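Each of the next two complexes has chain A plus one more chain, namely chain B in the first and chain C in the second.
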Partner chain A sequence: MATMTKQRIAQILAKQGILIAFAVFMLAFTIANPKFITVDNVFSVVRSSAILGVMALGVTFVVISGNLDLSVGSMMSFSTIVVLDLHDKLGPLMAIPAMFAMTLCLAAFIGFLVGYLRLNSLIVTLGMLSAIHGLTLTYSGGQNMDIANKTGTWFGVFGQGSALGIPVPILIFAGLAAFLGLVLAKTPFGRKVYAVGGNGTAATFSGIRRARTVFMCYLISGACVATAGLIQASRSLGSQNTVGQGLELQVLAAVILGGASLLGGSGTVFKTVIGVLILGFIQNGLLLVGLQFYVQFVVTWVIIILAVWLDIAAKRGKLWSPIA
Partner chain B sequence: MQAGQLSDAMKRGAIWGFIVLELIFFSVAGQYLSLSDSAFMDLDNMLLLLKQSAPIGIIAMGMTIVMVNGNIDLSVGATFAIAAIVLLNSMTWPIFAGLGDWVIPVAWLLALAVGTLLGALNGLIVWKTGVDAFIVTLGAMLGYRGIVFMFNGENPTSHLNWTLVDLAEAEFLGLATASWFLLGVTLAVWFLMTKTVHGRNAYAIGDNREAAVNAGIRVGPHMLINFAIIGFLAALSAVVFYSESGSVNPNDGQLYELWVITAVVLGGTKITGGAGSVIGTFGGVIAIQLLRKGLGHIGADTSTVNLVIGLILIAVLFLDRQLNVRGKEELKV
Partner chain C sequence: MKLRHILAASTAFLALAGTASAETMKIGITQNNVGVDSYQTTYEKAFIAAAKANPDVETVVLDAGGDVARQIAQMEDLIQQDVDAIIIWPTNGEAVIPAVRKAHQAGIPVIVTNSNIAEAGFDFAASFSGPDNITQGARAAEIMCDKFKDMGIDGEARVVHITGQPGYTTAIERAKGFEDRLPEVCPDVTVVDTQPGDWNREKSQQVMEAFLVKYDDIDGVYAGDDNMGVGALNAAKAAGRDGIIFVGATNFAVGYEAMAAGDYWGSIYQSPVDDAEAALQTAIDVLEGKEVPFLNYFDTPKITQDNMGEYEKPVF
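For the complex of A and B:
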């Protein structure tokens, strides 16, 4: 009987552990500094998490389908630079769809390699990380990109504007999260993504086109990256060509923190959002408590490992791994 | 059977064939495109290339062990930076003030010990918690880098010890100190992986962990030791490099893990473990450095280098799979 309850507690922890952890964090930081929970502060945290968050939404699909995407960081640099460059050449109205098209081409290339040619996604996206970085540097000629006339354009609305008192990046993030959450949870396509990631062979035998599903996941990731690039470009109206460098690993950290397994087949959009928010609020909370900026990286390290560890410990029913 | 052997031989020779191809291409293209007078295949140039390969190459040897064992380590770049800071900073500590130049071996040992410990910590976590090495070392990469920044903020850590610089810039039999370290590490790791029980067990574990466990191999301690080795080698790489340069930026070593993994995969190590060779990795390291240097020689900039290396990595993966598929089909016939 006692073991039964213990197992139940473990199950609840495994399923909702990330939410509980989130609540504990928020409570602890609020007690430490009441400023933490004010509307202004919450908005500013979510707003600065939005770029990372939008990218994490797309990567969630890729990870659930059993693959990895390490190229999102340099792809985000690429779309930021491209949209800034085209803004002056074509005007904002044409620049945005053109940038989306170019980013989706890159994503489609990765999707083709991983989905249809079935190459290892870690190596492919590692290669594309380097290749797209090179492409961006070539495109920009190594220069930073700036919009010539920063005051005379409506382009800044995606990063700086607000509607109904809510900053636009938050609206984009929330809207996209709601839409992609529905796609993943309520549509046949979403179920195919889980099936392909859970057991690819079984999915193929039950008539799911595995290659096409993986391909679509990378397209979704690409679209999210393009959106993130748009927000980034619009926020500062100018950018270095390494703006997204290193983001791929933070994005992955957020997705893993949300409980998606790297083996594929598990994870949800909602939990990824929680993962993103945890990273954002920890960063902010530690600063408000008065700790150095860089402490957040060490804390993130501990949290990621603890989160994944407790998750698998609850699944196997034992805390320590059975590896001899 | 013969077909399998043939494709095996092709795969093993591929990296060296690629290197020869690079040499020919850059020599010929250099005649027309290069701005400098000296030929690409110049002996001095090749020796310099070996020396420049050392930082990535030494770490790549450790990555080969870890990847053959079926794991991966993304934290090597951050370990590299921490070891560099320990090396340069410990030489200024007051407790060592009375040591004179004997502070050098002490600082080296300290840096190497810290690297080994950081690696072992990763290994211990992978062993005891059962969390995938990718996640553990991804976290460690953030955490270790955080420690680097906490130490001195965005500022570089510098200390020049001229005896040490002389030592690092010395040449012995025409090869620089760093080159000797690269060759020595390559030889030692080759010996470890091919001639010792530990090495053979590493292959067995990477190939089929269940079977290795059933055969009585203790998987956990092996992983711990291998992670300690890669930590040690990341620190050794830092020690060799920063003995000469004497100044470390907190961002140093970033993206090293990507370069190292690229070199190891180019050298034919399987990402899923169980297969790979130290000699192949050495070829992969040289091939990458040759590409960087060669493209520079014919006037291409870093952006082209990034582009080309990324695409080559993907092409190698594709060719490798095609070779494997063909080998299997021939086996069926």
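For the complex of A and C:
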């Protein structure tokens, strides 16, 4: 009986290694500075993580389908700049759908190249990273984009508003995570994404339209990026052209930290959310602890490696494995 | 006869000298990364406009796109084209030194603009034209101190400091100017924390959010530029913390607007137009053999809510 419970606990731990890591860090930071766990701080971290988080949700689909998306950072800059520019030209009501349409066109183009033409996603999206950056700069002429009348618009609601005491970006992030989590775990489409990423050839032979599934994953990623751009634009009502620069690697780090395999076929939305939160809380925790910032780069890396190790150790049931 | 010969010769000589001085100067420029921000975009436009306005100047305008290797290649191209002078906005203060030396050895004077190269390269550059970032930091400290004195809190005020990207000369110099000057003018004001905002509004907003949680009492924020300053201001507004004095540098349009709205106290007025015109003028002065100081700073005055009417809203 006692061994049964021990086994069951081990099983549960094995599945939730990343959660354990998360709990350990939260505890450590709280001991270092009790203000870490205050409602205000937790809200502010989750609110700023929401932008990265929403992007990571979409990239989770792409990664599970066995591909990469390195273009999301540039694409987010594009969405942000476009929606801010159109806000003053068309008004917020028209600017938002127009921006979504433009971002989805870019995503569809990537999806077409990777899905239907079967080009390597690393090459395609790495190229799109700079191509879209160039597009953004051409569009804006290199100028910062700012909404002229910052007080007379309701556009700020997506980034600055709150409902029922909870900041809107968190609501969007949570809502989208719940919805996409269901799509991935409970719908036929979700099963297809896993199948295509796990073994594309087998999936094709069992009648799954591989190209279309990959295409759809990129569209989902595009929609998430557009949503992130909307939150970003709304949060500061103005932006530099480089706002999303470098985010693609953070997004990928969060997705992989959550346990999605870069080879495709595994990962969940829930774990990606944990990955995003770990990254967000590390950054904030190190600030609150007051470490000198040159040290922070190193410490961030150490913590990420620790998290990945804890996750793997829990799966193996032991801390190290002499035979690979 | 003799006299006529001499006259003819001397007139010819004079004429030659005349054409020589009116001959166009060919000036090449390799910029850091045009288009990456509004400052550099405006700089390029102003540079081209200033060059066009001067009939004696012909320019070759290049941009390195932030890439050191490309900038070095552009320097070599300009040497090959045998321009009369080269203006460089270094992508990296260390890595471009060999290229600057090469131009120097080819007899082409090099003028460094906006951000200086590392000291090891000073011997090869004719002049540096740009803002004095240490003075900018010091002036920001004075702006903040004066305001604290007006408010009567200069004996106890607590300040947080958001710097530019770690490792960037501009960021380091502004931080140094601020941190050295503040204790001189306001010895009882403490800087309680310093973190980088990476010249990024969103990053700065996150840093400020953490500061607001960590410190219950913040009286002032110094940010390495207005973009970051406005990010910090957004964080304070969202948290409902009023009465914080925000001081930035490189006054941006957003900072100017926030000053007009009464939310943001002051900044340093640094015009990319002045920057570009100063660089071109320095190059012309060097070519005309005028005495030019090695560190040829253009003025970047203080701007606060009190005197902002004297300055036009920045275009970037």
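Convention: the second predicted complex is superposed on the first by the 282 of 324 C-alpha atoms of A that agree within 3 Å, B and C clash if a C-alpha of one lies under 4 Å from a C-alpha of the other, contacts with A are read in each partner's own complex, and residues count from 1 in each chain.
Keep in mind that, in the parts below, a residue touches a chain if its C-beta (ideal position, glycine included) is under 8 Å from a C-beta of that chain, and two chains touch if they have at least 3 such contacts.
All of these numbers come straight from a predicted model, not from anything done at the bench.
Participant: Would you check which partner chain A:119 touches, where first means chain B only, second means chain C only, and both and neither mean what they say?
Facilitator: first
Participant: Mind working out whether A:20 is in touch with chain B, chain C, both or neither, as first, second, both or neither?
Facilitator: The answer is neither, since A:20 touches no partner chain.
Participant: In the superposed model, which partner reaches more residues of chain A, chain B or chain C?
Facilitator: B
Participant: Going by the contact rule set out at the top, does A:40 touch chain B (first), chain C (second), both, or neither?
Facilitator: A:40 contacts chain C only, not chain B.
Participant: Contacts for A:137 in the overlay, against chain B (first) and chain C (second): which applies, first, second, both or neither?
Facilitator: Both partners, chain B and chain C.
Participant: Going by the contact rule set out at the top, does A:287 touch chain B (first), chain C (second), both, or neither?
Facilitator: A:287: touches chain C, not chain B.
Participant: Applying the document's definition of touch, where does A:252 land relative to chain B and chain C: first, second, both, or neither?
Facilitator: first
Participant: Who does A:300 touch here: chain B (first), chain C (second), both, or neither?
Facilitator: A:300: touches chain B, not chain C.
Participant: Which holds for A:28: it touches chain B only (first), chain C only (second), both, or neither?
Facilitator: In the superposition, A:28 contacts neither chain B nor chain C.
Participant: Report for A:321: first if it touches chain B alone, second if chain C alone, otherwise both or neither.
Facilitator: Only chain B; A:321 stays clear of chain C.
Participant: By the touch definition above, which chain A residues appear in both interfaces, chain B in one complex and chain C in the other?
Facilitator: In chain A, positions 137, 142, 293-294 sit in both the chain B and chain C interfaces.
Participant: Given the complex with chain C, which residues does chain A contribute to the contact?
Facilitator: 33, 35, 38, 40-41, 44-45, 48, 51, 137, 141-144, 146, 150, 160, 232, 235-236, 238-243, 283-284, 287-288, 290, 293-294
Participant: Sort out for me which residues of chain B touch chain A in the complex.
Facilitator: 74, 125, 127-132, 134-136, 138-147, 149-150, 153, 213, 218-220, 223, 254, 258, 261-262, 265, 271, 301-314, 317-318, 321
Participant: Enumerate the contact residues on chain C facing chain A in the complex.
Facilitator: 34-38, 40-41, 166, 193-196, 200-202, 205-207, 209-214, 227, 230-231, 234, 238-239, 252-254, 257, 316
Participant: How about chain A: which of its residues touch chain B in the complex?
Facilitator: That would be residues 113, 117-120, 122-124, 126-138, 142, 246, 249-250, 252-253, 256, 262, 292-298, 300-302, 304-305, 308-309, 312-313, 316, 320-324 of chain A.
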